[in-house]
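What follows is a group of structures, each given as structure tokens.
Here come two complexes built around chain A, the first alongside chain B, the second alongside chain C.
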Partner chain A sequence: MSTKKFMYLNRRAPYGTVYALESLEVVLIAAAFDQDVSLAFMDDGVYQLVEGQNTDGIGMKNFSKTFHALGDYDINQFFVSAESLTERGLSADDLMPLVWEDEDDDWAEKPSVKVVSNVELSKLMSEQDVCLSF
Partner chain B sequence: MADILGAEVDEEGFLVDLKDWTKEIAVEMAKGDDIELSEEHWDVINFLRDYFEEYQIAPAVRVLTKAIGKQFGKEKGNSKYLYSLFPYGPGKQGCRFAGLPKPTGCI
Partner chain C sequence: MLHTVNKSSFERNSLQSCLNAIDDSSVILLIEDGVISAANNANSSMLAELATQGRVFALQGDIDARGISSKVADNIKLVDYAGFVDLVVEHGTAVSWV
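On to the complex of A and B.
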């Protein structure tokens, strides 16, 4: 089976609807198939990666912790829209410091999150074989 | 609804409420599968519980084998070893004993 480029585009806030959690579940299942997987976050989707989420008051699972596991699933390309962050008064410093371990570099921890402009993001999207939007 | 030591389980034997879990429940579940839990079983069960606590998911088998090998020695970081402990699958059976939900993507 040849490898295809999959991008999962996340555009909604983490809680309130089930889209964000469902997207993450699909990503985890797809991770078993050894494809080239990347995740993109824009609009309210950028809130999914914000550090320090606490769901105690809304009775939902705080699945933001799960993003930290994705490096072990060889998912280490998180693209975040710079414009979407700025529009919400956020910056790269507000996001979770997600990392992955590079097996070919003595397991050095490397950052997974990359803030990119919408122009760069649309270029990345055009390079994909499959783009799934949540 | 079926229960194990008073804790409710679903039709596949997984705990309905993760908070109900006790070591005695794990022992009882294992007994039902004709397994006596050894030190090695507990290493995996405790690892699964810690992993779930940290990441809110059960690890995929390939992630589990890699992590077990890293933590407990290379000779244990393979699915043959894990299946020798949990013949019905380290993910499915191990997670059930550990009181976790069935792993995502596990059939």
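On to the complex of A and C.
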């Protein structure tokens, strides 16, 4: 089977709607088929990666922990819009420190999250075979 | 009156519509994605004046779920579900800006 480049574009905050959780489910499906997967977070989607989410008070599953597992599925390209962070009073320091282990580099832990400009995001999108929006 | 807003002000104009329509004795409770407006960010300035008057509340559980408890703007009062019920009892008719 040929490999295609898939980008998942996440633009919704977690928990208020089901989009964020559904995106994560579909990302895992693509990973199971060994595709080249990247995730983009812009607009309110950047809240999906904010560190310290605690859902005890709303009785919903805290799926932010699942992002930490994606590195083990070779999903290690998380692109976050710098403009969207700034608009919301957030910075890279507010995001979860997601990492992946590079087997070609003695399993060194490397960061998965990269803050990029919207111009860079648009270039990344243009390089994809498939863009899926959530 | 009690007005609840459950949408992010970055995505919908529910909060602005609510602010345009409420009277001087009404209070606003931010719930679900509405709590994003409780954080210090570019879209929350319109709430500041009402917050100064002690008329803006936000649901603690929804704040915590989104990891933004350290960013809640000054003067916004946090309530739990029991506090939500108290607001409904105290302020009578409730309007949901969905």
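Quick notes on this one:
Rule of thumb we're sticking to: the second predicted complex is superposed on the first by the 134 of 134 C-alpha atoms of A that agree within 3 Å, B and C clash if a C-alpha of one lies under 4 Å from a C-alpha of the other, contacts with A are read in each partner's own complex, and residues count from 1 in each chain.
One rule holds in what follows: contacts are C-beta pairs under 8 Å (C-beta built on N, C-alpha and C of every residue); 3 or more make two chains touch, one makes a residue touch a chain.
Keep in mind that this is a model prediction, so the values were computed, not measured.
Because the two structures share chain A, they can be overlaid on it, and in that overlay chain B and chain C fit beside each other without clashing. Contact with neither chain B nor chain C is seen for A:Lys123 once the two complexes are overlaid on the shared chain. Between chain B and chain C, it is C that contacts the larger number of residues in chain A.
When the two complexes are laid over each other on chain A, the CA centres of chain B and chain C sit 100 degrees apart as seen from the CA centre of chain A, to the nearest 10.
When both complexes are overlaid on chain A, the residue A:Lys4 reaches neither chain B nor chain C.
In the superposed model, A:Thr55 makes contact with chain C only, not with chain B.
By the touch criterion defined above, A:Lys110 lies against neither chain B nor chain C after alignment on the C-alpha atoms of chain A.
Taken over all C-alpha pairs, chain B and chain C come no nearer than 15 Å in the superposed arrangement.
Overlaid on A, the two complexes show chain B and chain C touching the same residues of chain A, namely 62. On the side of chain A, the complex with chain B involves touching residues 25, 28-29, 31-32, 61-63, 65-66, 68-69, 72-73.
Residues of chain A that touch chain C in their complex: 12-17, 43-44, 47, 50-58, 60, 62, 64, 87-90, 94. Only residues 54-57, 59-60, 62-63, 66-67, 104-105 of chain B touch chain A when the two sit together in their complex. Across the complex, chain C meets chain A through its residues 6-8, 10-11, 32-33, 36, 39-43, 59-62, 64-71, 80.
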